[in-house]
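I've put the structures underneath this note.
Look for chain A in each of the two complexes below; its partner is chain B in the first and chain C in the second.
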Partner chain A sequence: MMDDFEQQIKAALAKKEPSPFFEARVLGAAKRQARDRRASARMWWASAIAAALLVTTGSAWQYEREAHEQAAGREAKARLELALKITSVKLQKISQKVEGI
Partner chain B sequence: MKFALSVLCAVLPLAAQDVKMPVGLDKLGAKASEVVDVSLDGALLQLAGRFLSEKDPDEANVKRLVGGLKGVYVKSFEFEDRDQYKESDVEELRAQLRGPAWARIVSARSKKDGENSEIYLKTDAGQISGLVIIVAEPKELTVVNIVGFIRPEDIRDLGGHWGIPKVDIAPVKPGKNDKKEDEK
Partner chain C sequence: MEDQVENSEPRTFASVLRAQQSMVFSIAYHFLRDRSAAEEVAQDVFLQLHRRFDDLKSDMHISFWLRKVASHRSIDYARKRKLQPSVGLDDAPPPSVDDQPRDHFLHRRLQSLIGSLPEKPRMVMVLRYQEDLMPEEIASLLDMPVRTVKSHLQRSLAMMREKIDRSMGDVR
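Let's turn to the complex of A and B:
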């Protein structure tokens, strides 16, 4: 009985040779993990850069649009001022002429 | 469908302007020594209005005035010599103003100075909806077309404000060749 048990222990603790390519598989798994981590970090950086680019481009576009609108608004205001100036002067002259006659 | 849209797009600006500036007027630009051509449709007027301050009393006044407008069109030509334009150049415009909606409220003609000034008002359901001014002088021709709710005196009274000069000409003594019509 005891011999059987000892036999089993010995068999269980007996030195076994690793299966073929065991080392290669372990090294491969380690490399894959490292590669995945690098890819994940690259993806994170790429996303961050893309987000930063998007925000910068959006802000630049908004700034450009506002600047363009400001310029167009100032131009429209100047044209309105000119139109009203001409109209007012003509109306004043007509008015004074009519009142003076 | 595309045709209908393109026709609509072509007609809409004309409808907004209501009175069409005669094409012949643009040709006068070649003879003129100075040309002012201002064309502000509703969208541009709104844009200009956004740049008028509420805090400045003069600008606030103009902003209120512009709020009721749909278009402002001014053409003014100054010539070096007399008689560079013909009566027919303006006649096409006058013809459009003979419709029932328009009334000539002022016509001041001076044969001595060779000046002819007219003010037309358009009314829709008792509301002023347009103003046209034609000032024909020997060396100058000015046509103003304002679309929308406007009272001539509101613009006239801008004189002395917002950089608009206040005209102060000496009262004209009546001459035998001067004629005044004040139809309203």
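Let's turn to the complex of A and C:
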């Protein structure tokens, strides 16, 4: 229950109206804010898609390079094995000849 | 009776703005004692509301949220700008037809005394007497214990009564 003094405070703190253009100004600012947010959301998605494409392309390139290097490694290994085999056969032949002398 | 958006029409941001602008502006105005600062704070509050309008489901929730954000934003604004509460000539309320000269003088004096209170007790007074809120509701809005709210109210009222009595005595 408010006494007379408190009623006077209540009257002194009665609600006031903002300026007549306040409502239009806030609605305009809200519209701009929504537009900016949509633009920044579009920008975010564009950046996200670009980043995803970059990562995918990079990964594909990396995979391709690794596959190429592995294939080259396998080829080099096969050549080395062949060379060793030929050398071994030749050494064996030389060894047989030497034993025959 | 608290301002509410009519239930008959669907709630939109514009309808909430129309219904609640006076409440939000007045909280900031009575706290800051500066019309343009109060409009700036009120605009920020409504722009924040616009960003999360879909999250707030009921009129009651919106009113609570607006009071809370308006209170905290006003306090932050005062802290940032180190705004000295003052009553400028432009801020003087236009005297209404019913106003008695004595009441007008008293109201100006009361506004000035409230403006001279520290931040938290000042906001407590604004919410209590502008918004007609109970100490429990104020405590929940300002995130402070109920006993602190009651203590702010008692001390502020006692200080204001004493100063008003003294100034009335000086007049007599």
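In the analysis below, the second predicted complex is superposed on the first by the 70 of 101 C-alpha atoms of A that agree within 3 Å, B and C clash if a C-alpha of one lies under 4 Å from a C-alpha of the other, contacts with A are read in each partner's own complex, and residues count from 1 in each chain.
One rule holds in what follows: a residue touches a chain if its C-beta (ideal position, glycine included) is under 8 Å from a C-beta of that chain, and two chains touch if they have at least 3 such contacts.
For clarity, every value in this text was computed on a predicted model and none was experimentally measured.
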{"item": "Partner chain in contact with A:Gly73 - chain B first, chain C second, else both or neither", "value": "first"}
{"item": "Which superposed partner A:Arg65 touches (first chain B, second chain C, both, neither)", "value": "neither"}
{"item": "Touched partner set for A:Gln92, first chain B, second chain C, both or neither", "value": "first"}
{"item": "Chain B versus chain C as contact partner of A:Lys16, first or second or both or neither", "value": "second"}
{"item": "Partner chain in contact with A:Gly100 - chain B first, chain C second, else both or neither", "value": "first"}
{"item": "Contacts of A:Leu84 with chain B and chain C, given as first, second, both or neither", "value": "first"}
{"item": "Common interface positions of chain A, toward chain B and toward chain C", "value": "none"}
{"item": "Sites on chain A touched by chain C in the complex", "value": "5-6, 8-19, 22-23, 25-27, 29-30, 33-34, 37"}
{"item": "In the complex, chain A residues that touch chain B", "value": "69, 72-74, 76-77, 79-101"}
{"item": "Chain C to chain A touching residues, read off their complex", "value": "13-14, 17-18, 21-23, 25-26, 29-30, 35, 38-39, 42-43, 46-47, 50-51, 93, 103, 106-108, 110-111, 114, 125-126, 129-130, 132, 157, 160-161, 164"}
{"item": "Touching residues (chain side chain B, partner chain A) in the complex", "value": "36, 38, 40, 44-45, 47-48, 50-52, 62, 66, 72, 74, 76, 106, 108, 110, 117, 119, 133, 135, 142, 144, 146, 152, 155-156, 158-159, 162-174, 178, 180, 182"}
